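Structures for review follow.
Below, chain A partners chain B and then partners chain C, in two separate complexes.
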Partner chain A sequence: MSDAILEVSHFGVSFHTYAGEVQAVRDVSFRVSRGEVVAIVGESGSGKSVLTQSLVRLLPDPPARVAAGGRVRFEGEDISGYSFRRLKSVKGSRIAYVFQDPMTSLNPLARIGDQVMEGVVYHGLMGRKRAYAYALELLRDAGIRDPERRMGQYPHELSGGMRQRVMIAIALAMRPALLVADEPTTALDVTTQAQILATLKELNRSRGMSIILITHDMGIVAGIARRVIVMYGGKVVESGSVEEIFERSRHPYTRSLLGSVPRLDADKGRELDFIVGSPPDMLRPPAGCPFSPRCAYAMALCAEHPPAESPVSPTHSSWCWLLHPGAARILESFARRYPDRIGTEAV
Partner chain B sequence: MLLALITISFFVIKLIPGNPFASERMQPGAKKAIYAYYGLDKPVYEQYYLYLKNLLRGDLGVSYKIRSVTVNEVIAKSFPYSLDLGLRAIVAAVAAGLGLGIVSAYRRGRALDTFTMILATVGTAVPSFLVGFFIQYLFAVKLRWLPVAQYTSFAHTILPSFALSLGMLATIAKYARASMIEVIYADYVKTADAKGLSKMRIVLHHQLRNALLPIVTLLGPMVAMVLTGTFVVENVFAIPGLGRYYVTSITNLDYTMIMGLTIFFAGFLVVMNLLVDVVYVLVDPRIKLS
Partner chain C sequence: MGSILSVRDLSKHFRVSKRGLVKAVDGVSFDIEQGEILGLVGESGCGKTTLGRTIKRIYEPDGGRIVFEGRDIAHAGKDELRAYARRAQMIFQDPYSSLDPRMTVAEIVGEGMAIHKLYGPGRIRERTIELLELVGLNSEHASRFPHEFSGGQRQRVGIARALALEPRFLVCDEPISALDVSIQAQIVNLFKRLRDRLELTYLFVAHDLAMVRYIADRVAVMYLGRIVEVAGSDELYRNPAHPYTELLLSAIPIPDPRVEAGREAPGQVPEMASPLEPREGCSFSGRCAYAGEGCATRGGELFELSPGHYVACDAAAKRRR
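Now for the complex of A and B:
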């Protein structure tokens, strides 16, 4: 499609450590359309943050090395081979980031105002005077009520939610076409979470800004995203629209992930569902499907050969051997185990 | 606190066996006269009282050993040497220590980094008098590049300053390297990078200031280190500074000199630490004077 703002193909990132090469992201391909909110979900260590931060190489190399052969096309421009110098024109002004921990993401020794203004002033978009007025506006847009007072304060004088709003203001400063919000609410309490998400949603609507939202909170996904990418062990295992993922998921991992969301209407005393086992050791990732060691439906084949992409619908794909025509019978037992989770059409 | 120090050192000194004139052979009458002259015939508590009274007027008394010289005069004459030496050492240690620490943080595992780490280990482990004797022998006696001792020209200052600064230099380099490495991976540095800033700006505006913060805390102990270092280094290089007088006054049991210099050193340290605290408030907005 031509309205793609970001197209990533065969993207990989590995960390070179004393213990060996950790393949944090392996052969990942996905796309984001203009104005779209895409959620990337997956448990800790699945490679979500490494993937998105490596698009403009925010992680220091060494140890983080972007694998050769991957492609990152942003607004039609192949930025995968860009040097640090050339990436300066992409970072901030076209792709902006909001990080997970607002407590450590702001420079403790610089005033809020200076940190918000820094980008536009550095890139010569405006002088300090205009930038000051602009920063006030940005902070207000990000939901800060008394920006005049905040401008002169230091990060330690602000609460976590407030700091995350400052991070959002910084990210918005150069009117990026794409905002990467990396677990923006994980460190915040629930009420603040809701406010921040509402702010992001509003910015997506009013500015037409695309958003990649990284999270492991399925509730957040349902509330804000239009499309979902599920990652596991450094790979994409399933992607589709919110409805497709929540109601017609075709991947055992996605289903267990959804199955382990606590429910208010569940029977009292019922134990929470959880996924048995632990994430794969990325020093020696399984040769086949990364989820196969923990998957209740794994076949001998799964451990040895990585599953290919199986399109379920034009917008929905799943990387699972169960979708192979020969695996139809297994799906039936799948349906029996998750009767409340499975759409009838899946069988 | 200073009073406690004065009291304790006053009585401890009196506890040391012997007295300033024990080594001199004198007629009993002369001895009595000298004791009376310096007030040593009075009971100790009275001596203490008199000492405090004089101290309040800023009078540290007369030296028992160096005839007709007051302690105040000794300080006025020799402190400039110690101050000069101390300042040179601190400036050298800060400049070289920071430089080495920062550069090796960016070039971890390379030759310069290895050199810094070795220097840091050696510098902290080897006491300054050994360093002093060693470089004195090497550069002054063997190679004859620099003067052996005394403190009269710039060339004279190089060896003692280096001997005095090496320990600090090592400590600073080690801390600077560690805090710089920490800062390289800090989240706010990633934020700065994500703004599309240049490497230069990221380093200068976001990394250095934060990395230097812990170094400021080192300044207090450093002043103390320099102070004690001067005792030794001034002796090795025969520099007529305060430290040298301090050491000789102890071996001579020169009561007033020991007391006077102790009080002066203590007061100096208190003032310096206060200054460091003030600097700390100035550089870190998170700390407020309360």
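Now for the complex of A and C:
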């Protein structure tokens, strides 16, 4: 389709370490449309950050090696074969990143203004005078109300939320088509988080900028994303529209993840669901479905053979053997007998 | 049931420079009933961790009383503190840095029992296995080192260590915030089960309000060193009275796209005032949308709005009446 800004197919990344090869991302395919907000959800070690950072090779090789055979198309161009130097024209200008920790992403020795202006001045797009005015505008767009004062300050004079806003302003400088926000609010307080998310939403609306938001918080996903990609053990296990994922999920992992977070607006009578065991060892990931060792529905087949993509709707896919035509009957009878079975077993 | 812990007018100040004094805990009073879980929430820098640590007497308080099982331990001597250490234990946030990497799990869990000379070596070994089983681990784990465990399992080791001295009261300082989402529910359910089984009492410090609502019987909201609201957890979430509590609740994302679509993000709120600035009156008045003339000079005292629901806001009281 032509409205895709990013198309990733069969993408894999592994780390070569002394202990062996860590397969952090395995055979991942997804697409992001122009102007869309896509959330990539997963726990630590699910591969969500490695995936997005490896698209433009932000991680050094060695140790992070992109597997052969994967394809990354950005704005219609295949960038997977690009040299490191050629990628430079893409990253920073067409794809921008905002990371979790605004404390370490800024240069402590440079004034905020210089750091915001650096991109456009470096690329020779503006002289310092115009860049100064432009930087004020960017800071304002990122939700900073007194940009004139902030321009002359150093990072240590700013609060965490303010620093993250500066990072967003820097990311916006080259008018990127895609913003990758990697856990942008995890280090912040909830009130600040709400404001940063509102700013991102507004930027998506006003600039038509696509956003990939990486998070582990299902609440954030519900508030901002239009589409959701759920990752587990280096693989995509389910993807769909936000309603499909939250209301009609067809993957046991997604469902138990949703069941394990308490809701502020719900009655607290019910016991929280939880998932037994812990995330897989990526040095020796299960041969089949990565979630199979913790899955309440797992069959013998699941541990040995990776499930193929099962389309649920044109926008919704799940990678689960239970959706195989041969397994459907088992699931229904099982679900009728044990409606609350997923994840409620004793530790 | 009576209260196991009564905190009265407790203060803990830190001198950060010649003139700078941070009143991390500034005249805090509350009670915890025997067998109760009191949640303590607030943003970073509000003093919730300092309050927990002062109650555990890791820090020496600068004023006020901490009455535990009828004894004031705020200014207790060494021997009394040693006895208190057995009765009150602490669970830390980071299960990676709170376990000695060079000790085996059995040594970590058994150390307290040996120091307090509770049992002989044989009985300590038996008891260690019992404790491991109590928290969902087993005897195989006893000879392993912390690095062999996942975050959730390490936190279980930390809990077993805390329970080794048969405490009545646990200060849990953000015990789940370093854990993965799918693990948090396991540990929270474990905390609940242990409370019921061992009749424990918790002060549960956390910033995840949804999780606190789930686990706590009552919740105290802290802001700049003071408690601004205390209520039963359902009451607090249904009828927040303090503007700060309202703000916090409105900022928490709810994992439901339909609910989120109908919510408005809280408007821009001024940032938390510096804890270094001297203040009178209500410490939230600078950020408060409802602040009136008097708020900056007076107020900030807790009073009972409805039975069991305390709030430190004059305006909230007037609005309610």
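Criterion: the second predicted complex is superposed on the first by the 323 of 347 C-alpha atoms of A that agree within 3 Å, B and C clash if a C-alpha of one lies under 4 Å from a C-alpha of the other, contacts with A are read in each partner's own complex, and residues count from 1 in each chain.
In this section, a residue touches a chain if its C-beta (ideal position, glycine included) is under 8 Å from a C-beta of that chain, and two chains touch if they have at least 3 such contacts.
What you see is a predicted model, and the numbers here were worked out from it, not measured in a lab.
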Sharing chain A, do chain B and chain C clash or fit in the superposition?
fit
Between chain B and chain C, pick out the one touching the greater number of residues of chain A.
C
For A:58, decide between first (touching chain B), second (touching chain C), both and neither.
first
Going by the contact rule set out at the top, does A:190 touch chain B (first), chain C (second), both, or neither?
second
Have a look at where A:260 lands relative to chain B and chain C in the superposition and call it first, second, both or neither.
second
Answer with first, second, both or neither: which of chain B and chain C does A:101 touch in the superposed model?
first
A:68 contacts which: chain B (first), chain C (second), both, neither?
neither
Does chain B (first) or chain C (second) touch A:300, or do both, or does neither?
neither
Here's one for you: vertex at chain A, rays to chain B and chain C, all C-alpha centres; what's the angle to the nearest 10 degrees?
70
Between chain B and chain C, whom does A:167 touch in the aligned arrangement: first, second, both, or neither?
first
Closest approach of chain C to chain B (Cα atoms, Å)
10
Do any residues of chain A touch both chain B and chain C, and if so, which are they?
none
Could you pull out which chain A residues touch chain C in their complex?
43-44, 143, 145, 159, 161-162, 189-195, 197-198, 216-223, 242-243, 246, 256-258, 260-265, 268, 271-276, 278-279, 347
Chain A - residues contacting chain B, complex:
53, 56, 58, 60, 84, 87-93, 96-97, 99, 101, 104-110, 115, 118-119, 122-123, 154, 156, 167, 170-171, 173-174
Partner chain A, residues of chain B touching it in the complex
184-188, 190-199, 201, 205-206, 209-210, 213, 283-286
Footprint of chain A on chain C - complex, ascending
43-44, 136, 150, 152-153, 180-186, 188-190, 207, 209-211, 213-214, 233-234, 237, 247-260, 263, 265-266, 268-269, 271
